[in-house]
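Presented sequentially are two complexes of subunit A, the first with subunit B as partner and the second with subunit C.
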Partner chain A sequence: MKTLALLATILTGAILLYGTADFAPWGDPESPPNRHLSTYYIEQAVKETHVPNLVTALLGDYRGYDTMFELVVIYCAGMGVIAVLRRSDS
Partner chain B sequence: MKSLQALAQNGGGDNLILQTTIRLTVPFIQLFGLYVIVHGHYSPGGGFQGGVLLGAAFILIALGYDLPTSKRYFPVRTNAILANSGALIFAGIATLCALLGGYFLDYSILTRLLPIDPIEWRSLGIFLVEVGVGLGVMCIMLSLYWDMASGGQMEEGL
Partner chain C sequence: MESMLGVVVAKYNYWLYVVLMMIGFYAMIGKRNLVKKLLGMNIFQTAIILFFVSMGAKRGGGIPILDKEAALAGAVKVAEVVNPLPHVLMLTAIVVSVSVTGVALAVLQRIYKEYGTLEEDEILDKIGRS
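After this line comes the complex of A and B, so read on.
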């Protein structure tokens, strides 16, 4: 069973590493995300949200799902630790 | 070395300098945590960072004093309620947007609740959501420390 789990982990890791080969080159100004998304956010984000900090505007508004489930991940971690460890009545 | 361990086990490890420093600095750490949360619109920061600062202030109390002291300042029940409401604030605002007829997490539709500029609502919505994130992160940080440090007994920690 352990060998199987190790094999599955290595296989998944290999597939993920293979997938990174198709990423756009790092810092390439001509890559698709830099030509469409980045320019749109840089030009429109302050106009559309009135938040001068682009990072906050992106995380809180355009990428709200991501931030929400980040909080849910932390929440689940806390609840998991409570479920496993806590032994007091208080 | 051995006597130091014995000292710590007998609860004689309390350090006046440490405790006084913590007592004096904790309010400022909390103030800075609130500042980081509410100033996230204009400078680096936001709910996660501010929440971690607020949680660290309580962890500092638990480290310098002991675990029951930090539980007196921040009861376990309050911690659980705030942790849940933090996550609920975020999901609730997102769902409210959907219920009011807009998209999930599209804060501009909240203008039907309070008629101000939709763009201002997007800014305000981000702030409200960050408050939820801050609350949740603060409580989960502290509860993780409590459980990890005391092995779940919640009576004495490090």
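After this line comes the complex of A and C, so read on.
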């Protein structure tokens, strides 16, 4: 059981390490994640939202609904905890 | 030899995250204690969060808080500010991870009240007997 788990772990790790060969180098400004969408945000976010902190501008303005409905996630988690831990009378 | 060192310098952060992720993975599938499984899942999530944040890094990039006047004048160089998008996405992931951990701990507490143990094989024995 433990050897099987260790084997699966090593196999998955080897596949993932092989997959890192295709990644862009660390800190490369021209890497694909840094080239497409985020350049628009860095150039335009302050003009459009007047928030100097880009993370806040993205979180609260462009992704406002996402952030708002994260409250639903927290709420559901809270309801789940209450439902599981509530003392039953029976 | 020189290019070998270059590969190590360019990729060692990803290798570290793979190692961290595999520690969490092994804890999830190899351990019998349910709390250790939960800790493994948290380590796994942390590895993914670190991976995403490191994808947004730029060599020589500053924090993504801009000078407002310079930004309004359009004088911001994209290469000098790190990518803020992975940071925002990982804030969302942290919220989900906290919720999942909370619910899982509540379920574990309930399991402990019901069976008096958190060891997986002992619980399976008790389910099999009744």
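In this text, the second predicted complex is superposed on the first by the 56 of 90 C-alpha atoms of A that agree within 3 Å, B and C clash if a C-alpha of one lies under 4 Å from a C-alpha of the other, contacts with A are read in each partner's own complex, and residues count from 1 in each chain.
Rule of thumb we're sticking to: a contact is a pair of C-beta atoms (placed from the backbone, for glycine too) under 8 Å apart; a residue touches a chain by one contact, two chains touch by 3 or more.
Remember, it's a predicted structure, so these values are computed and weren't measured experimentally.
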Practice problem: Could you say whether A:S88 touches subunit B, subunit C, both of them, or neither, answering first, second, both or neither? | Solution: first
Quiz prompt | Touching partner for A:P33 - first (subunit B), second (subunit C), both, neither | solution = second
Quiz prompt | Contacts of A:N53 with subunit B and subunit C, given as first, second, both or neither | solution = both
Practice problem: Identify the partner contact of A:D61: answer first if only subunit B is touched, second if only subunit C is, both if each is, neither if none is. | Solution: first
Practice problem: Please indicate which partner A:A5 is in contact with in the superposed arrangement: first for subunit B, second for subunit C, both, or neither. | Solution: second
Quiz prompt | Per-residue touch tally on subunit A - higher for subunit B or for subunit C | solution = C
Practice problem: State whether A:A77 touches subunit B only (first), subunit C only (second), both chains, or neither. | Solution: both
Quiz item: Which parts of subunit A are touched by subunit B and by subunit C alike?
Solution: 50, 52-53, 55, 59, 67, 70, 74, 77-78, 81, 84-85
Quiz item: Hey, which residues of subunit A end up touching subunit B in the complex?
Solution: 48-53, 55-57, 59-61, 64-65, 67-68, 70-72, 74-75, 77-78, 81-82, 84-88, 90
Quiz prompt | In the complex, subunit A residues that touch subunit C | solution = 1-2, 5-6, 8-10, 12-13, 16-17, 20-21, 23, 25-29, 31, 33-34, 37-39, 41-43, 45-47, 50, 52-55, 58-59, 63, 66-67, 70, 73-74, 76-78, 80-81, 84-85
Quiz item: Any idea which subunit B residues touch subunit A in the complex?
Solution: 40-48, 71, 76-77, 83, 86-87, 90-91, 94, 104-105, 107, 119-120, 122-123, 125-126, 129-130, 132-133, 136-137, 139-140, 143-144, 147-148, 151-155
Quiz item: Quick one: in the complex, what on subunit C touches subunit A?
Solution: 9-15, 18-19, 21-22, 25-26, 29-30, 54-61, 64-68, 71-72, 74, 76, 78-79, 81, 83-88, 91-92, 95-96, 98-100, 102-103, 106-107, 109-110
